[in-house]
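The block underneath contains the structure these notes are about, expressed in structure tokens.
For reference, chains read A, B, C and D in written order, and residue numbers begin at 1 within each chain.
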């Protein structure tokens, strides 16, 4: 149920607040504060007004905002009901289908964090893989309360920006999307490599690695759609698998038996979810190269 | 118990044949035939004489030589006792410690082959990985008996050459060794990369992949010893893993978090067990390349 | 003086023919023939009609069309006056400012060709460098008259297509343009290389090589405009020079003295004037690579 | 006329000094001082003794040693006669066959240096190209006298080490040699590229660039001899030219016309005359790469 910005600009306060009540989890007061700044020229202006409301709120209210967030992957809370937004976010990263080992890891993290800081471990999960959510925790646990209060509010703002991006239709866009793309160049024929199967695997230290995208290169050596696009590219470790053995075999290029190169695996990490990351493959039957492109 | 060639050249026929009785499995007649050609200028001359004896033997004797070979990985025959040579060869490729699935695969292969051709499936196992032994079977099963008789004798000669190489000390060497090596060049500093951990993994479709060599690069960016040397490089699929993330981190090179490149995996296949295969890595924190070198 | 296609479609025959009289050199009859096919949906349809007129013309008229073309770089004919189109075309490739050696080479070519075939050597010069015009001659001289008649008419059609493209404004375009572009990726920082000076040199065997484009890479590592665009990329030999030494020096990257890499020269040839040719540079202070991209 | 170290060790003082009189230009006193330290275990020990003699000499004597050196490329001094060693050294870098412009540049350098410091501009010319001798001057001219006195003595010791290396036969060697080598790998066939013509050009800003080595790659893709070896690799700018177009054409590899890659030029600089510099080429008809190897 997306809403045009014009409609929000024209709404009465009650409707405005109702529409934006959960942009910040269980905190309609943020929308109430932002209402005064109407009309908004774009979604960036609306988001800025809401962020300002959070920044200017009394400390107690900000802490309540933090505490109103659920634990990650907590079964009891899930049973009791999350906001629809929280639920969708957690599911997107797979927190609704954890293995036992993963579940225990998240429970340990939640408890350790809450017992040290007195509020839940909050991270904008759409910007992370499961492994990254856990390693992010390891980095943050040694911090002091002031640092973690600020970090939590920053993460809450990232969550809010993504929620607002999905809700509001505007001519401008919030800068919340990244892109992961690839390109295969056949240096044997001097042409883009068409028809190469590409698999994108999310690698996991804790659980099983899993294929998260699959595509075939087109006549330009690219995939018709980016491997990840229209959303943040989750921080984490990945592997791209390119089926070059069958590609060259089908073109009758002389190969050894078995072919020196068959499935090529490029392992890399994503560190900037809103960036454009291009991971190309330059390949012959006897050599290949890759680099971080943009 | 290695023997100098001079000692064999000076031996009485009985001692000569006893020493070489199992170069060709359970077939002392090959050594008996070769004895007449003494003295041998080198181990290549000795091997040529033995090979000639096989080629000139009556067809029935050659078939008996084929049939005197054991099945691969056959538990009953292993219990009854193999020649020491056969046992060592089979163990070298792991046929003495198969998983149930692998054992069943080999049993299926042995039976299918023997029921079609009337003699055991023979392959020089030191030149193969387990996967390659099985795919070699798939390639050979459609052949006719004449082709497989010739192929079996050729494999038997390869087995014999390796056995002879291990037994006889001579100033010349039989051309039965290959080499697999690597080299890491740090294109960020323009120098060989020292201190990179390299793991060589034998990849298996049937069973588990396993680490078969581990080394650290020296000041020349190479490993002190070849990853595989002093023996055939088994035909099969491999993966080299290079720990470049920690290498650059220790040198305080600016990296993303997590680093764009951490463990780099180069997958390749070996097709020529007696060849020299060099698989180098040219690397920066943001790019890498490899090629089939020599 | 460009003309909208609509205006041509609405013209009386006299105006139509006058406007298109020299699309085919001194041959208004081509436009006269094409006039009947009005109105034209686009410039491609107009060109097709003119080409059909040439193809259906009597052999004598087609030969007259060939003979109405001037010699290349002929001083007497230049003094006597060329069509404005011929003059601009010849000047574009530098035929109006030849060295003595070049002038003699062209005179030799014209005479040899004309004395064998009885008509002038015709080539669409906008698709060639001077060197390529001469090597094209070497390839064509051994042909027979029938082949060269056909080749000349094909070149005349290429000339006409470019003239028509420049004259007529239409929503569609004739496929007469190519593009040459570059891209510099700094594999030391993992980012596009901004601020690299790039020079494109046309290499010549006969005369002096000359710089034909100069640009500086932008924040995307590309040049704001293609090195060659909006016209055919002339067949010939080129060199791109990238000033990478100063680039790395300004960024305080540790270098040797003198720097291992300073000006990098990539030499390549263009063979397809209407194609998109991309010649990128992947570079660190100690390594570089290029490939034919698209 | 080389001398075994044993012979020097066994010589009377007069013969010893006579043999080593010009290791340090016109300064037999250095050999006289070193004589006491006999016998020498190797040429490194002998050189160390001579160097110690210079370091311990009174300041006046050291200054006299500096002043006993000739100007570089000075015609008057050449006519009057240099030591055979100086003459050979200067000729090796081409100082006996300068163009007028080069001659004037050297004359300017000599005069500017001598008028500032009161002694000649000394540089170990075997470690430099002509361009590098001049740029070295530009770097040194701003120095103070103390710095240049020390620098001159260091250069004199480098000259002496090279002279001693050529004179004395010993089981050990002075570390005065470098090496420049190349290697061509054909990534189209996955094999070393045999039969590629390689030219090494010394690039000059002042005078004409010139070919200083020419070789053809062997079956290992290397040249039989290093491009430069058995001497220092002169500091300077170079270009390697590889004839890859004809290589691929002869092997019937599909190419464009003209071929995308024909003569490939790798430009690089040498900064460490005693180092091992390897500049390989990895190439297909559509791509190539190089890096600083060792």
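In the analysis below, contacts are C-beta pairs under 8 Å (C-beta built on N, C-alpha and C of every residue); 3 or more make two chains touch, one makes a residue touch a chain.
In this text, all values refer to a predicted model and were calculated from it rather than measured experimentally.
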Shared chain contacts [chain B and chain D, defined touch]: A, C
Farthest chain (mean CA position) relative to chain B: C
For chain A paired with chain C, centre-to-centre distance based on mean C-alpha positions, whole Å: 48
Length of the line joining the C-alpha centres of chain B and chain C, rounded to whole Å: 58
Shared interface positions of chain A, touching two or more other chains: 187, 190, 256, 260, 282, 286-287, 289, 291-292
Pairwise touch network: line, ring, star, complete, or other: complete
Chain D contact footprint on chain B (complex, rising order): 185, 187, 190-192, 220-221, 282, 289, 291-294
Chain B partner contacts - residues on chain A that touch it in the complex: 132, 135, 235-237, 239, 256-265, 267-269, 271-272, 286-292
Residues of chain B touching chain C in the complex: 187-190, 254, 256, 260, 282, 284-287, 289
